[in-house]
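Would you mind keeping the following structure in view while I ask a few things?
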């Protein structure tokens, strides 16, 4: 009984008249046409994580798209309120599990903002080095996912080969392949192990050697790829900005906003790199932006390895981290966009409030906006454009 | 349609925002700290302050909305970014057990989901919001708002008795 | 489209190269990769060295360590000291964050290279180290002491108070 | 012994026995092809593919069949059961029937029909029926979309498929596949794929579309409509659909080889193997099937409207133009015709 009631209420909440029908209601009634309601996900083979899209279809054209989240919600913000400051870092790893390093970095920046602690330069360089490797390990699979969604299975395996090799580097440096817990408040956990510099250097060179072949030649010129992605998910700069989109999804419309340059943090002011933009604002443009950002990341990693200073890797935070009352903000450019952390302290050794602004969550608003009017198969490339991660939007 | 990003150097922009917001609205407090313009506004002024920021001053990006439960009152932080290094942080406080504040979705459409999330987690209602459903929690039969300090979580082991 | 099919043929060339290329699969159960020095596997405890300071139990974000503490004169010095009679690590909860390893003052808890834990029952994953078994389902002492809420005064309405800094660090 | 061989001379018995042999071949071919598919995909993906069951994983198909036989056959609660269960059969039978007219070697053909091409065209069209039955019977939005796509796609691609056959028919002057192979001669440059290159490409592309493989696997479309018409199938019914897919893929390659690549004919006269010429047929068919798989693991999928554009706006005009060119050339050089 409860179930029936719940379902009725639920349906009532979701079946408001859609704003833009493609066939006008009069014609629909006259010919007795009906739209199909379809649930895409949460257990959909190509869906990014546990997302449910409630779709209203007119034939194969989407009339309304309503993302439903919460299938992976762990209330990380509440858990963080009950953990000591250092013990929150391994939890942030679980947020956006394709960009763990950036999550840790954002949280640590926020707490360091509260503490006013001096970070040794070597630690800053190691952080940047790790974050850029992480960006590679996130952008390359996201290109693979885009292709997987278009029906080509092969690029994802080449992409995961690269991710696997980067993870091997991470394992040597941090001790874990995915949930690193490496960046700490005040620095990093440990110095780079001996010999890893050469390994990273070798890996970067081998990646450069076959990057063009495996991720550009295989994909970029393919006529089917072009016809599936060009002008799909097209958005204007204004739309993207209004929806609060950041990251490659914003840059592919031509807005050159990159936190690394505009709100510099860590060692980025000392490094040379460009913000990559494209003008088209469609799925193909976002692919090109990601490819170019990978190349930029490779350049940043090389500079980091060359300019790496010597010295300590941990600032003096004291044995027990107990920031004064106040607020701290940390903001990093994660592979998906702006990742911000807002930490409120009440003077005790657990945070009073932690708020994560995850790019996956904010970018997903785009779906409601740009999916209606596209065909059903176009939803998947648009998901590749937005590239959300389940752990990110569900916190 | 292209957008125009703000011009001028950081300091002059910060001062422009500071004056632009301070002259139009009766602010409780305002100051510039590093690259942040910190504004404390009255609850009812917030949509107007944000409208000024968006339309007159051209600050394009609403980064996030944070709510802090101060047990008895709620503290809201609206973080605005102009894409070029300056940040405007608007703070306000809502008193009372049934907090209501005006929505800013008309000014910043991206606030839509941020406000939904805030409503879900704290029960802060946003008057005039077009679609105030809960994004995370169950849409019905769940009357709690988990991030309130009064919502206690247990440290008990969750699999007790599951075997 | 002047060069129809060129891109597809180029892509097919790439896949053909890989068809005859070196394979990268590791045949897992037969071939095991050597783990790096820092890799974090399942935890283990050297009970002889443990001084039952409860640091690891407090810091653990998942509350996966439970310790039963008594006073005992273990080293025969005539002075009873804290002694861990029961020590359980619940691997079904552990997330290998190594916080406990870092706080341990005598380095008696450490990561091994084991990572293949499996059981039919979640409770079987709780590994006992002490003399007495500890029930992992019973709530351990809260990792954070009863703190929260600075007593007496109400939390400030607006933050950005001048930072004193003496409390930090 | 002699009497048994004599029995083969009796037409109905010969037909039955040879049909049984062909059915056996088709069912085994499906198993072998799944194996080949997985190996090829594995090697392209830098993996090894299945390599645990038997030497180098060669017994994997047997294990698969055993698993699928023992699996429960689940049908959705509100499905139209007879239609639901009939669909795999309706898909499999046409794929198996076409083998009746495929000439493996000069005399190794079950039924040398003089209208074999018509038979082929008619039988492959039935395949669409199975797809529609599957989509309708399983009562799921995804299935229905898949079936609609499948029906639209298969019917649309019949047109370029048939048109591209006409050039061959005009050149050989016969509808019998055996005659067509004979007419192509035993040198690689006299086969029809050179002169009829646009027709060959059209036939090849529409063949891929007809057997619903990447880049034309929209009815399946696992990343958008999950599994399309076959989403609700499990166990042996699913296996039958898979077998039908692989059998139709094999039959499409065999027909391509027969029509354009000289069938059993050796590429050069001195390579003639006499009674073993079916080896040439096998090699060519395997090659075509490999290209199917190679394409499958290299390219993404088209969208429905682009698929239709390709079919109606590119392939149909192309075949029509080349039909006129062929006819004109045959008028000018009468020696081209058979």
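As written, the chains take the letters A, B, C and D, and residue 1 is the first residue of each chain.
One rule holds for everything that comes next: contacts are C-beta pairs under 8 Å (C-beta built on N, C-alpha and C of every residue); 3 or more make two chains touch, one makes a residue touch a chain.
This is a predicted model, so every value here is computed, not measured.
Steps from chain B to chain D, minimised over paths through touching chains, total 2. The most distant chain from chain D is B, comparing centres defined as mean Cα coordinates. Between the CA-based centres of chain A and chain D the separation comes to 43 Å, rounded to the whole angstrom. Chain centres here are Cα means. That of chain C falls 56 Å from that of chain D. Note on chain placement: the centre of chain A and the centre of chain C lie 25 Å apart, centres being C-alpha means. One inter-chain figure worth recording: chain A and chain B are separated by 22 Å, centre to centre, where each centre is the mean of the chain's CA atoms. Multi-chain contact residues of chain C (touching two or more other chains) are listed as 8, 11, 14-15, 18, 24, 143, 155, 159-160. Residues of chain A in contact with at least two other chains: 82, 154, 158, 161, 218, 222, 224-225, 327, 344, 352.
Multi-chain contact residues of chain B, defined as those touching 2 or more other chains: 155.
Remark: chain C residues 8, 11-12, 14-16, 18-25 touch chain D in the complex.
Remark: chain D residues 41, 44-47, 141-142, 144-145, 214-215, 217-218, 221-226, 297-306 touch chain A in the complex. In the complex of the two chains, the chain C residues touching chain A come out as 1, 4-8, 10-11, 13-15, 17-18, 24, 35-40, 59-61, 95-99, 111, 143-144, 147-150, 155-156, 159-161, 163-165, 167-169. Every residue of chain A that touches chain B in the complex is listed here, in rising order: 2, 6, 9-10, 13, 69-70, 73, 75, 77-79, 82, 236-239, 241-244, 246, 254-255, 257, 262-263, 327, 329, 331, 338, 340, 342, 344, 352-353, 355, 357, 361-362, 364-365, 394-395.
Taken together, the chain A residues at the contact with chain D in this complex read 36-38, 44-46, 57, 60, 147-154, 157-158, 161, 218, 222, 224-225, 227-228, 375-380.
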